[in-house]
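Next come two complexes, and both contain chain A; in the first it sits with chain B, in the second with chain C.
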Partner chain A sequence: MADVANRDLKAMRREKLAGLSTTRERVSVTPGPPAARLALRAGEDALNSVSRALGVGVPRKPKTSARAKSGGRVALWLGPDEWLVIDEDGADLPAAAGWAKALHSAVDVSHRNVAILVAGDGAETCLAAGCPQDLSLAAFPVGACSRTVLGKVEIVLWRTSERAFHVEVWRSFAEYAYAFLAEAARDV
Partner chain B sequence: MVGANRIAGTGRLSAAGRLAFSFDGRSYQGLEGDTLASALLANDVHLVGRSFKYHRPRGVLSAGTEEPNALVGVHRDAARRTPNVRATVQEVYDGLTAVSQNRWPSLAFDIGAINDLFSPFFSAGFYYKTFMWPKAAWAAFYEPKIRAAAGLGVAPDRPDPDRYAARYAHCDVLVVGGGAAGLAAALTAAETGARVIICDEQAAPGGAMRFETGARIDGEEGWAWAQKATARLAGMDNVRVLTRTTAFGYYAQNFVALAERVGDHLAEPGDRPRERLWQVRARRVVLATGAIERHMVFADNDRPGIMLASAARTYLNHYGVCVGRNVGVYAGNDSAYAAAIDLKRAGVAIAAIVDLRETPKGALYEEARGLGIDVLPGRAVIGVDGRTRVSSMTVTPRTGGPSRRIAIDALLTSSGWTPSVHLYSQSRGKVAFDASTQRFLPDAYPQDCVSVGACNGTDDLAAALKEAAAAGERAGRATGARAKATKAPRVDASEGWSGGMPGVAPGAGADAAVKAFVDFQNDVTAKDIRQAVREGMRSIEHVKRFTTNGMATDQGKTSNLHGLAIAADALGKEMHEVGLTTFRPPYTPVTFGALVNQARGALFDPTRKTAMHDWHEKHRAVFEDVGQWKRPWYYPRAGEDMHEAVNRECATVRQTAGLFDASTLGKIEVVGPDAAAFMELLYTNPWQKLEPGRCRYGVMLREDGFVYDDGVVGRLAPDRFHVTTTTGGAARVLNHMEDYLQTEFPHLKVWLTSVSEQWAVIAVQGPKSRDIIAPFVEGIDLADAALPHMSVREGQVCGVPARLFRMSFSGELGFEVNVPADYGEAVWEALWTEAEKNGACAYGTETMHVLRAEKGFIIVGQDTDGTVTPDDAGLAWAIGKKKTDFVGIRGLRRPDLMAAGRKQLVGLRTRDPNIVLEEGAQIVADPNQPVPMTMIGHVTSSYWSQNCGRSIALALIADGRARMGETVYVPMPNGAIAAEIGQTVFFDEKGERVHG
Partner chain C sequence: MLLIHCPYCEEERPELEFRHAGEAHVARPVEITAESDEAFEGYFFIRANPRGIAYERWRHIHGCGRFFNAVRDTVSDRFFATYKAGRKKPDAAKFAGAATGGKDKR
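Then we have the complex of A and B:
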């Protein structure tokens, strides 16, 4: 058993899009690093409690996100009672949510999703090849997020800066989403 | 100049931009900016194709997208051979290779033209009437022959090497059409600050300014103004100008599809996509789609050299090409006069203007007379000579009388202009007939849309620009843009277009047996349309389908109104009483490539792979497609076929153990204080008393009482369930649950989260399964008493947080190791080293299927088909007897679901144990009864069972459980197979092995 305990978890981890990267003149498409993710469900009355426990004020306005004051934690609004919380430092989010006394559901989905980062002047155009939403800054400003589609798969799209987007996609759809964006990048 | 018909000092192309191209193997020179049509005409090539049905020689009719005749093949290389390209749209690039179509052996001498002689037999409805007997010959003989003979170009026979791009776009105002009106609308809309997209199908916007020399806007010649306006628009941040882009479909909620030709005009397209599909959502749409000139309908009006007057003007004024040296003009309105005047001023002889009107008057008439052009009012062209190029026209007074032949080498005709209401109609707008001008115009708008300019019936240029500028500003303001727009462009001079006449010209009327073409591309004549009416067609929709008028790739842009007028005349009705046929997308042909765009090859559909996929590949798994998933089917070893591999895997699992990738099963985490109450409502089983740490097999029904899904559910905590679903059910079961939660049970405090992809699942099944996993498990006591069959624990496997289920779909002692997906492969590898030591194997879905069938475990969707109740499937035990409510409980009480004689799941053992029944085969009680036989059921699952040493099968048979021991028969082509009905469990009937 001793050898098991000493095993390096990092070495055991096989990231879905490891080694892939696309860089073109106006846009790059790269896999995001592993992160902790939490599917958070809660009613209006629980939001203060849950926000305190998670250290990030979960947004109440549709299609918006909120970042923690420090650290790499963000809460993305997905629905009236649904958020995707991402912690880039890999913190134990279910444990953190567990501190909230108010009624909620916290489910670890760290491995369910894969992140793909689309960045550059042409990022918006690249995504517009497959995402039917209006991604202009006026309609989809920095911090905006939405569950939407990319080609034939569902994604969560989050604008991290004027020229950068963070795509969350289920693990088995990640290969498709990456290939779709890499192909779209040729026409940017 | 390049080409004999170029006239120095005319046109806008630079003589410096010389390009070489070929047509049917002959080399020609063209100029940069030429279309293939203008370049061919410059070289005095009028004959460019053969018609669809009669193989008649055809030339260029138009100068735009409405072209019905001049369809050619454009060949870039062996794979890039595009058929049916409109020569009037295709721009010439250096090295372009074009070929004519629908002719053999050559364009000038075409065997198929014999159809023209036999044309009395090829009248309207010919195909429907003639090839009726024998019936079978239609598909085998007639249809292929007809398709080969009557056709357009040849489809390429290699995969398309080009790529196609796609773009979604959003704007406040979409302006369709870059003519003067469209530009004016785009300018004011853009000035308000609104986001504007303007698209135009030509290489440069300008529309009718391309040929209208009489227009002056803001002190400039119309074309020059259009180019400046375009440049201004292109320089604005809030405007996107799309040229070579056709709006081909107008769908719900101002969703407009555009096809942009990106690379087809370039000699070296490079890495560019060939085309780009734009899917535009616009808050307001301004249609400025212009009008299309109609030809005259008279005998042999399809001869090469006969073309639309505006086309001849375009070739002269834009491309610097005269379409003849001695040109006749046949006019039903004023606009044809302008062509004669332009050509005359360029030094081309005008043989005569034949005008149907008795007393033409006005400025253009006077100008023509002033230039010394012979105008013949009140006369008609009743025929022409010249098979491959018109050589003379025969002119008579329109009321009859002596005829006169006039030599010509081109004939320009115009019977008026048809407003392009296609997109308006596609937007679900209903056109209204304007009796005074004999045309259909937009009426009420069902969407946020407006038409401006010629497509709206606004003929006068000044009025059109005023209307357009106002509409553009209004559209911009309607979206909240507030900046001030400038006034409409000032029109200093313009040409007036007058009405015209739809229908036949004299000499092609009811008594005439001549071929006066209405629809060139589908070879439909005026006579055909009258015949359709004679044969009883009353609705224009029937006339259209019977004659195929307007059904070619040009969608009747030049023919629909003529066809309608002729049908109305034959019916003795007014045109508006007969009505217009419906316009449907696409406006112009769109390539499959553009529609498919990125969705080809690996991007055709997502291929889903589990975390252990690479391991399976390395171990030479043969994969099975299960929905979008790739699942290992079996793992053949050297020399093994599928049968041998599956037999080995099946035996190994029961003798030692096997590893199986079960990751694709759907998984849903049900969390909340009312989780158990929710599970009670969604599944037939009782859940309240299931202790945390224990599992239960659950059955889910639809409202109608039939089995919808099943799976093992583990209770992790009082308020947390880990639900598994079938692989195929993963998405729909979650939707089904959410649907009920939100609509029927919103009072329950419970939330659902899909964790299908969070967990990689390794099933370890077989007597040695505990030994295999034991070295890696931490924090979970694997002893039978601590972890009995149907239990779940959370702990660590290989140091990774895991959910360990003790459960079995094989009937053996078994575990399912759930680990976070990124760790799946490493954990599998670790377990595999231990499995190998124990002599275990990896097994695939086929073995999984056989093992579960040996135990009589059903697969929803295979042993059930949406009409099977739990009792039918032998699962009545899974219904909580004390439960008063669950989805489907009332459905189960329907009389027919409770009636005797329902099909029930039973086991089948063939009399000859070596015969494996076919799944889906029907079952009868008496093999000797005459056909049609009474079928009492069917085989749902059937396999060779190595562990049983015989074939096994499951079947749904009427009253099956009451027929135990009876022999039934499966009729097959080689005779009926006898089989005995028995229990569904074939192996370990007492079920002792799961306990280890």
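Then we have the complex of A and C:
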């Protein structure tokens, strides 16, 4: 028992998809880095206040996203009063949202989601294996984002460039989503 | 795949993102405790289940998450219109010409 007491016990964060990586000829599927995430709900009248507090103008148009002027912060439109805010620098998002005086709801979901990055010429085809939406550039341009389906699980899909997508999936579904995409990458 | 127009996302989305949510325009009684058993049964259990044009609630559950209303032909599974929750229901006569309900002979 004494040994346990003397040991330097520290909580270690274990990445869900640590060590996984799939690279095929035309597409690569890799776990994204850890990030801070915020599930934001706010009414129309609170948007200006919340946007100022977070330093990123939350988008009002369906299927769009907005990046902060500097840093790796982005707000993704999920619904008419719902956004997912992601900060890749791991900033304290609930504290930032707390500066907004207007009524809103901000829940830290940093550890609920896992990011999977799909990149390469075949990224679109790879995702199309399980996502029923039209992912062509015309229908899903760079910066577009949407909550949708991949195989049997729900994801948030965000197009970061012409040939790269960012997939946000719930932690417990991450292994399924990763395996699904890695399998799909074989056929691209 | 069947495409359904979501009035909140303002575009057509694949049906896999949606879930059916029962009959639309079922008004909850204002004074529910004062309802007679028969009236409550009617409100709570009895649904029109028409053959042809039906007013239904749908939810874009794997999208924006919103409930909205739709006019659908239960025979052909064709969606005539979708509209935001709370909007007035469109007149069925508008779609009667295009509907197949009740006309097909088996």
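Definition applied: the second predicted complex is superposed on the first by the 177 of 188 C-alpha atoms of A that agree within 3 Å, B and C clash if a C-alpha of one lies under 4 Å from a C-alpha of the other, contacts with A are read in each partner's own complex, and residues count from 1 in each chain.
By our rule, contacts are C-beta pairs under 8 Å (C-beta built on N, C-alpha and C of every residue); 3 or more make two chains touch, one makes a residue touch a chain.
Predicted model, so just to flag it, every value in this text is computed and none were measured.
Asker: Using the superposition on chain A described above, determine whether A:95 touches chain B (first), chain C (second), both, or neither.
Answerer: Touch partners of A:95: none, neither chain B nor chain C.
Asker: Applying the touch criterion given at the start, work out whether A:132 contacts chain B, chain C, both or neither, answering first, second, both or neither.
Answerer: both
Asker: Between chain B (first) and chain C (second), which does A:80 come into contact with in this model arrangement: first, second, both, or neither?
Answerer: The second partner, chain C, only.
Asker: Of the partners chain B and chain C, which touch A:186 in the superposed model: first, second, both, neither?
Answerer: After superposing on A, A:186 lies in contact with chain B but is clear of chain C.
Asker: Among the partners chain B and chain C, which is in contact with a greater number of residues of chain A?
Answerer: Looking at chain B versus chain C, the one contacting more residues of chain A is B.
Asker: Taking the superposition on A as described, I'd like to know which of chain B and chain C A:176 touches: first, second, both or neither.
Answerer: Only chain B; A:176 stays clear of chain C.
Asker: Touching A:108, do we find chain B (first), chain C (second), both, or neither?
Answerer: A:108: touches chain B, not chain C.
Asker: Taking the superposition on A as described, I'd like to know which of chain B and chain C A:148 touches: first, second, both or neither.
Answerer: The answer is second: A:148 touches chain C but not chain B.
Asker: Which chain A residues lie in the overlap of the chain B contact set and the chain C contact set?
Answerer: Looking at chain A, the two contact sets intersect at 132-133.
Asker: Considering the complex alone, what residue numbers of chain C touch chain A?
Answerer: 1, 8-11, 13-14, 16-17, 62-66
Asker: Contact residues on chain A for chain C in the complex?
Answerer: 62-63, 78-80, 82, 132-133, 146-149, 154
Asker: Give every residue of chain A touching chain B within the complex, in rising order.
Answerer: Within the complex, chain A touches chain B at residues 1, 4-5, 7, 9, 11-16, 34, 39, 41, 81, 103, 105-113, 125, 128-134, 136, 139, 151-153, 170-173, 175-176, 179-180, 183-184, 186-187.
Asker: Under the definition above, what is the set of chain B residues touching chain A in their complex?
Answerer: Touch residues, chain B against chain A: 163, 165-170, 195, 271, 273, 276, 279, 281, 598-599, 602-603, 605-611, 614, 628-629, 669, 671-673, 749-751, 753-759, 775-776, 778, 798-800, 820-827.
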